[in-house]
Amino acid sequence: MNVIHFMLRNHTQVLELSLEHLWLVGLSTAFAILIGVPLGIVIAHRPRFNKPVLAGANIIQTIPSLALFGFLLPVPWLGSRSDRLAILALTLYALLPIIRNTYTGICGVDSAVIEAARGMGLTESQMLFQVELPLAASVILSGVRIAVVISVGLATIAAAIGAGGLGEFIFRGLAMVDDRVILAGAIPAAVLALAADVGVGVIERRLRPR
Amino acid sequence: MRRKTSALFLVVLLASSLSCAPSHANRIVVGSKNFTESFILGELIAQQIEARTGLKVERRFYLAGTYICQQAILAGRIDVYPEYTGTALTTILKQKASADKTEVYQTVKTGYESRFGLTLGPAFGFNDTFAMEIRGEEARRLNVHTLSEAAKFAPKWHAGFGYEFMERPDGYNGMVATYGLHFQDQPRIMDLGLLARALKDHQIDFAGGNATDGLIPATDLFVLEDDKHYFPPYEAVPVIRQQTAQQHPEVAQALAALENEISDSEMQQMNYAVDGQHRDTEEVVREFLKRKKLVP
Amino acid sequence: MPAASEAPVIEFRDVSYTVSGTQVIANLNLRVDRGETLVLLGRSGSGKTTTLKLINRLVSPTSGQVLVNGNPTAQGDVIQLRRGIGYVIQEVGLFPHFTVERNVAIVPKIEGWTSERIQPRVQELLKLVGLPAELASRYPHQLSGGQRQRVGFARALAADPEILLMDEPFGALDPLTRDELQREFLALQQRLNKTVVFVTHDLREALRLGSRIALMEAGKLVTVLTPHEFLKSTDRWAAAYVKAFGDGLEAAANRGTS
């Protein structure tokens, strides 16, 4: 039985683990957007904070994921449920691309447009929601896309600490020394990453300012 | 307009991925750890539930260890899995073990119910405690039967243990302290499945295996008696989510029917069938259930 | 011409502006009267654009006061101040993600006009600046430079402000288009009678469009003269400007007088 037959035979579990995987990625990306986009906006408007914030996000990125999982395990409320922990860790890793792209996107808005808008009497929030965010949307989304693709990969490691997802197939397959099981986890994960990359990319292109 | 539809589409995408939160309706998911005995028990639980209730059973075996199983059942990704009372007591509840098996069972049951929303089914009947093994010929030659007696010869021996045994509070350190064991050098850490062969090949002289290892009778290994009762009892029990037990009382009943049905030697035989004879787990379990008339 | 006793629409009282140790504007005293087109003339670095931005508070004075309609700009709501002033810049700064119509309608929209009121106003403005009605649904990137600046102008006029600030609005256009737009500006000014402050470094443009020319050099106001006075001025900077611009200036001055 090759890997395709194996996946078809066990399609319920492949689907279930894929959904778990999507849940981990989706929730953490949502959190990262909720935290990262406002932070990116703040540092774009107040450049004196940009070094510490970007440096901070960068440092998080350099911590190897399994090590980060390990650091967080002893933490009381977090460590008691590994899916919480995994979601926190995934959120942290998604922050840098999102903060950085929000910052770049907003800084990249044509300064003539900003000047005209300010001179016309738009309030700060009108500027943000009617001018800056729509014009930066494509760049911000590209940061989200990067974050999602990274998350899909990292979430496979989360299975090592019991958070579920497609990584469980991979680790199981390694323990059983069974290629089909490994691939039953690796292939859907790769497909998910590709689909996210292409899907978000399409939306990104449509939002690009002319 | 294009912008609005694109934004809407994104929101829908994100929302749908968020709604994938784990949950399963009329299925029971059975988990197991990643060694032979655990997935035999897991398969046993699964087939028992399938045969006795009308429910569909999903198997999620080969979870890499106690912590991962615990996380999976807390998160609701699995509904039931086989655990050992001694393990539950010391590594999950982090309490000191006693030698009394009923006491241990009760402590674990109440602890799980109050802290985790989990409960225990009745024990399967065997005690898979740690078994300190030496070669049969050595035991006969030296006339040694207990761990206390073995302490005399330990300095001449090389020892080998599994990783968890070395790390666990109820494992290596406590044992050498209790019995005053001093081996020739630092013990070798190896995969449980390789211990028996290493012992036979004289690579090690003293191995920390499990009482129901399939290869014990087959390879003439002698299990030293734990005369000081250092090792806590490790009765195999099914751990179930209380929510599952309440929603599906028929599952609890099906598991109750397995109470005391597996003796030490019966478990050993099943382990040997899979490990030694390389038979299919599913088949071995099916045969067992039929023989014991547990399933129609 | 307004009577001298009427209060100025815009007034600078001893205004100075220093940034990073450099004094960009020094002791500026200037008044702009109702209905006039005051041209701020000077070369790069003379402080003319900064002076303009002091009016709608895009820049705040380090000392001194800027008053609009008698009220110091430092007090009061800066947003309301800006919404009452039309602002046109050289790069135009149209929102690339808005149609021409939406661009023009920005200030009315944020001021809460209903769409029944906005729609006809936009059409009226497009006609006023000489743009065909079909352009309303196009996007800025689909327009020529001249068309874009016309839209910028329409946008500035949308909420019918009494003051217009224009910062070298025709500087980026080709000479033919520039000439066309200057002519149209003059015609519009005749009709609308806005109070305009117009920044340029081009003497010809200043003579043509301005009712008075305020010459600035190195952050200081050198002199304020009518176009004809300027041509005959003996002030060394004014004379230098006239010399640098060569012939044909009389003609320009003649077309600009009110």
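Annotations for the structure displayed:
Letters A, B and C name the chains as they come in the text, with residue numbers starting at 1 for each one.
Going forward, a residue touches a chain if its C-beta (ideal position, glycine included) is under 8 Å from a C-beta of that chain, and two chains touch if they have at least 3 such contacts.
Every value quoted in this text rests on a predicted model; they were computed, and no experiment measured them.
The most distant chain from subunit C is B, comparing centres defined as mean Cα coordinates. Chains A-B form the pair joined by the most contacting C-beta pairs. Chain centroids computed from C-alpha atoms place A closest to the centre of all protein C-alpha atoms shown. Subunit B and subunit C, compared by their mean Cα positions, are separated by 83 Å. Averaging Cα coordinates per chain places subunit A and subunit B 37 Å apart.
Each chain gets a centre from the mean of its Cα atoms; for subunit A and subunit C, those two points are 47 Å apart. Residue positions of subunit A with contacts to 2 or more other chains are 134. Along subunit C, residues 97 each make contact with two or more other chains. Within subunit B, residues 3 each touch two or more of the remaining chains. By the touch criterion given at the top, residues 12-13, 16, 19-20, 22-23, 25-27, 29-30, 80-83, 134, 137, 141, 160-164, 168, 171-172, 175-176, 199-200, 203, 206-207 of subunit A touch subunit B in their complex. Residues 110, 112-123, 126, 130-131, 134-135, 209-210 of subunit A are the ones that touch subunit C when the two sit in their complex.
Within the complex formed with subunit A, the subunit C residues making contact are 56, 58, 79-85, 87, 89, 91-97, 106-107, 110, 139, 141, 152, 155-156, 165. In the complex of the two chains, the subunit B residues touching subunit A come out as 2-3, 6-7, 9-10, 13-14, 17-18, 20-22, 24, 34, 58, 60-64, 67-72, 74-75, 77.
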